[in-house]
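Got some structures for you, see below.
Each of the next two complexes has subunit A plus one other chain: subunit B in the first, subunit C in the second.
Showing the complex of A and B:
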């Protein structure tokens, strides 16, 4: 390509840009907003390698090296439980959430009364659209020490003392995993229900001609057709295994169960905003983000190799 | 070759009914409790139906200025937030759907990459402080005006529209803005409705932003955050008991009625929510 052609190309592009100026104007608010609210905070990572005090500019904070990262990695007595809690609850909720939704979708397909089937599917979304405050309010009403479940069990003489599942370190994991599976069932099953709708009817007809029973159809036709969807959702979900909803854990974590309930996002909140140790909490956040990003790219790569499906 | 209805169908139907009950009953219980006559409920046992009937806890809730103000804040953010988000995100979606826009590849990368980046809680907090948004209503609205996920959804929909419509308008001398607002946007109603509704629910359900940024500004508390405080602070609130003079109610039943009041707006839009959801308009387009 000669120099003359290049400048001519640039001029054409410039003319085009002038003609498309309205499109750029339409993009401007979104681009500015993303730049400010998503990319600009990345400068805040400077806090992790400096001694930051709230109220000062982050760029005036003196260099502190990597002592806050060291603190996090060496002080495992303080942070070890956070890693365990986060991974146990997220992995279990991801796997169980998807497997239950898969089973739900398979059995829902077998329901013969179409109005009832639609009603069940509608109801299954219900908790998903509720805020964590509402969910906790409802769970509190039923399962707190003086809640309905404990009161009923006590009056039936089945238990002596109320089962305190909301403030007991032994029940935190079970509580969160159960609530997550329950909450996400309808959402997760949408993918599987869509996949079932895409199974060609001939596969079922062929199975019936071969004498398949209902169970055979579910086991050898429906299930195999859903496995690829399951694998893709599992792989993609594992990219966010270190992330929790602060909305959820802010309300479920209390002084009684914090040892088994505390997850990364709550730990960062507690050290940063409650105790004012911004530099340390930011360092923990940076570690979490980088590990998550590596994981996301990794699982995406595996997914592309294994199933030819990927996020990007 | 239809099969007869057998034992399997009955058991399966029963299990599905049980699942449905676990999804609905917790909320039904709260409704029953809130409508029960507090003079009659000795302890709180499982209810299938309200015990007695009393609207006292609702009277208390509705005559409580704090709760009603919180309700208005929630309504304001759930209306204003989605409208502004829709305006800004749909314009951007239309612009990046144009393959001949100079530099569009880089703009797309800039936007899409932001979905996988998050600086985290504390850098976000410092930013909001630096911008002077703490203690203002706008902290609920501004951070979400460019929702990249929604931009992706709307763009995917715009790209399914026949190109001929736009072309003929452009030949007649219409500008991009005219084409977008007069032709493209009206055709995008299904995806716009879905995205807006979803944004409304998101706004209605948030409370953590109030905790993080408007902790010292009770006049900006949304109703969810007020309810959170009612649950977190287990003692009966002073103002509630002051407003309760003469009415038989308890802090517990007030919590129940506020829970129901906070749920009602979601119930009102629920048929539409689940329609868009089940149709896969939101979920299925994730990979678009």
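Showing the complex of A and C:
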């Protein structure tokens, strides 16, 4: 009896798929590209448990066990600062980036002059499309020893010697977080602006009838409506909390600030690509992925418990 | 009937057997005749995309029908392991370091040269000294690579890389003969005080490209300025003791500590460019070209193109000249400097890869390039255009001298050394004139030095631009030193990689330290915890093994 119900259920599902075949066909390119570019490379994880030699097939590499994982965790000079740097910079950039974008979107909604509002929105989005090389050129022009900031501070008599902002381990976290927030502000705010557009006008009208000021509308209508979007973006962001823009850190890292600037992706690049230590670098990459997955599930679970909203 | 069928099959088989070599010979004739375009990865900017756009490249094309297409990359050493991993390496490849060469050999990516060498005309003659060393550095004695700038002999001006300094600053301070670190510190400090700006830009005292992967190794260079040791140009844990013929630790060498201390003094006094830690080669070149850098450390080769730019920008008196530097202790001890003459150069190795379409044609070209005729064309240029024969000796033409002095792109425009795999041997012809006229001592000053530079050396009281070094140094062939290569997969090899990463950071910490002694002591604890002695011991073990192999190959090459 149960078997019969299951078979009938499968048939119905199949018929539904055939009926909606156009939709499934539209989905196909995305599924294929994710399979090829995201899941197929996971076969490369074999390198983490084998002694892979450059130029040879990974499946010819002899079994190495978990020695590369052990090496990473026992080598405190390697693991410690990389984990701390990645977490501090990415968590701060994620949280501050979302909070700033939320505030930016709310305030932008209050701008009545629509042309100006659209201009500000487009201008804020622009940095997201700039290459890190160009961004660094701007940062260099501003913050190098001969840059505009040092020159201004010196001419005002506020400092005697130029501040070495680009090569100072004490300023690197602040620098990267600030640059990241600025870079992602426009992109994140688009999500919030889209969510604001979906808030029913009736809610604002009701608030105004109740005597709400514009600030009250922001505080009691707009903000609560944006919390679900904020949570979704937070959960999605937490899944990639160990991911960094390699090109950004490639450019911003130097021998003076490497102790506070080196992140997982740069560390993998340095050991994997530069030194040809692919097995070790893959092991570090596997650790990064597993921790990211745990974080994603954890944040989702916390969100479900705390706000009854979650992604899955 | 059966018999007839058998005969028909036999006749057909015979015909096919006879025709195959005929078609094969057509195919190989085609292979020998067709234009062969080889893509070369180059690290420096080229002024043309193909070699046959240059006068020397045209001659190569006419003679061999081979053309090079250039693919410029920023740092080809970083790409080498990636190319091997993907199998997408070029037909001819430059490999940096013995460990990378070994990776390519292990992956069966390189063409073994033994048969080619046995049948070569010029290769085995030109590299007669090197071949036993190359065999000694490999476990099975096979040769897969050759190297650039070897062999080297006394017909060439020695490579001196101390400090390039702006000549107008020397003039301003009465042409002082600077040598010791104190001399330089005081000179640069005064020069910066007297000249806070250069052409409207802030003056910097000394520049060097520490952001390059090899940059931090420049901070140890006092180790080659006098005494027993000799620099190998790497961030390795060991340095070569030329006098005792053994490897010693880099970090604890007194000259290396003095070297770090010198840079620390310069940095704290604001003389060393504060942006040096983030400066790449191009950024340093720009600072020299504009003249705002009073001096350049080690990379004195950059000053030749900078001088041409300074002349064209109307600042001829700013031109840089090379001057010596030594630590105070080295000056006091008065020991001779070991001027490195590289017997082999594994960090500049070249190989034909298995991706080569026609390896025979490549080797034929290489073999010819290593003849006197080839080296003269590639390094001296075309007779009548770049040089003329006077009493049988190659003499540079005025057009050539003028081009070198006034056009920063002259060498690449004309196609000199149009492919680095040609070897650029640092030897001379039967008249004793170096193949590269710019390196021939008899012409060195005439070609390389502008009137301003000649005036500067004259005012310093020097008879020629190399006088100081020829008087205070002795030539030191590196011999077996460069054949010692750690297995990257060994414990010592992995530790050496860690050390390289560590010393690059430690060196910059020392330079920027407010309390040098305390920082050194703190870093020394980290150094001792690493157990670098095992690397030193391993290097000396390899040296002993290679010595035995060398003795075997030198008697039976």
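The working rule: the second predicted complex is superposed on the first by the 248 of 312 C-alpha atoms of A that agree within 3 Å, B and C clash if a C-alpha of one lies under 4 Å from a C-alpha of the other, contacts with A are read in each partner's own complex, and residues count from 1 in each chain.
As a convention for this text, a contact is a pair of C-beta atoms (placed from the backbone, for glycine too) under 8 Å apart; a residue touches a chain by one contact, two chains touch by 3 or more.
Here the structure is a predicted model, which means the values were calculated and not measured.
Q: Thinking of the overlay built on chain A, is A:228 touched by subunit B (first), by subunit C (second), by both, or by neither?
A: A:228 contacts neither subunit B nor subunit C.
Q: Quick check for you: in the superposed arrangement, does A:119 touch first (subunit B), second (subunit C), both or neither?
A: In the superposition, A:119 contacts subunit B only.
Q: Touch test for A:53: subunit B only (first), subunit C only (second), both, or neither?
A: second
Q: Identify which of subunit B and subunit C touches the larger number of residues of subunit A.
A: Of subunit B and subunit C, more residues of subunit A lie in contact with B.
Q: Who does A:276 touch here: subunit B (first), subunit C (second), both, or neither?
A: second
Q: Of the partners subunit B and subunit C, which touch A:174 in the superposed model: first, second, both, neither?
A: A:174 contacts neither subunit B nor subunit C.
Q: Check whether A:146 is in contact with subunit B, with subunit C, with both or with neither, and answer first, second, both or neither.
A: Once the two structures are laid over each other on A, A:146 reaches both partners.
Q: With the two structures laid over each other on chain A, which partner does A:166 touch: subunit B (first), subunit C (second), both, or neither?
A: A:166 contacts subunit C only, not subunit B.
Q: Check the residue A:13 against both partner chains and state whether it touches subunit B (first), subunit C (second), both, or neither.
A: After superposition on chain A, A:13 lies in contact with subunit B alone.
Q: Both subunit B and subunit C touch subunit A; at which residues?
A: The answer is residues 140, 146, 273, 278 of subunit A.
Q: Which residues of subunit A touch subunit C in their complex?
A: Subunit A reaches subunit C through residues 51, 53-56, 77, 140, 144-146, 161-162, 164, 166-167, 254-256, 258-259, 270, 273-278.
Q: So in the complex, the part of subunit A that touches subunit B is made up of which residues?
A: Result: residues 13, 16-17, 20, 22-24, 26-27, 29-31, 33-34, 36-45, 47, 58, 104, 107-108, 110-113, 116-117, 119-127, 129-134, 136-142, 146-149, 151-152, 155, 182, 185-187, 190-191, 193-194, 208, 214, 246-247, 250-251, 265, 268-269, 272-273, 278, 281-282, 285-286, 288-289, 293, 296, 309, 311-312 of subunit A touch subunit B.
Q: In the complex of these two chains, what residues of subunit B are touching subunit A?
A: 1, 3, 5, 8-9, 12-13, 15-17, 19-20, 22-24, 26-27, 29-30, 33, 43-47, 88-89, 91-92, 94-96, 98, 100-102, 107, 110-112, 114, 116-127, 131, 142-143, 145-146, 148, 151, 175-177, 180, 201, 204-208, 211-212, 224-225, 227-228, 231-232, 252, 255-256, 259, 262-263, 266, 270, 273-274, 277-278, 280, 283-284, 287
Q: Inside the complex, what are the residues of subunit C that reach subunit A?
A: So the residues of subunit C touching subunit A come out as 78, 81-82, 84-85, 87, 100, 103-104, 106-109, 201-202, 210-211, 213, 215-216, 270, 273-275, 277-278, 488-489, 494, 497-498, 501-502, 504-505, 507-509, 512.
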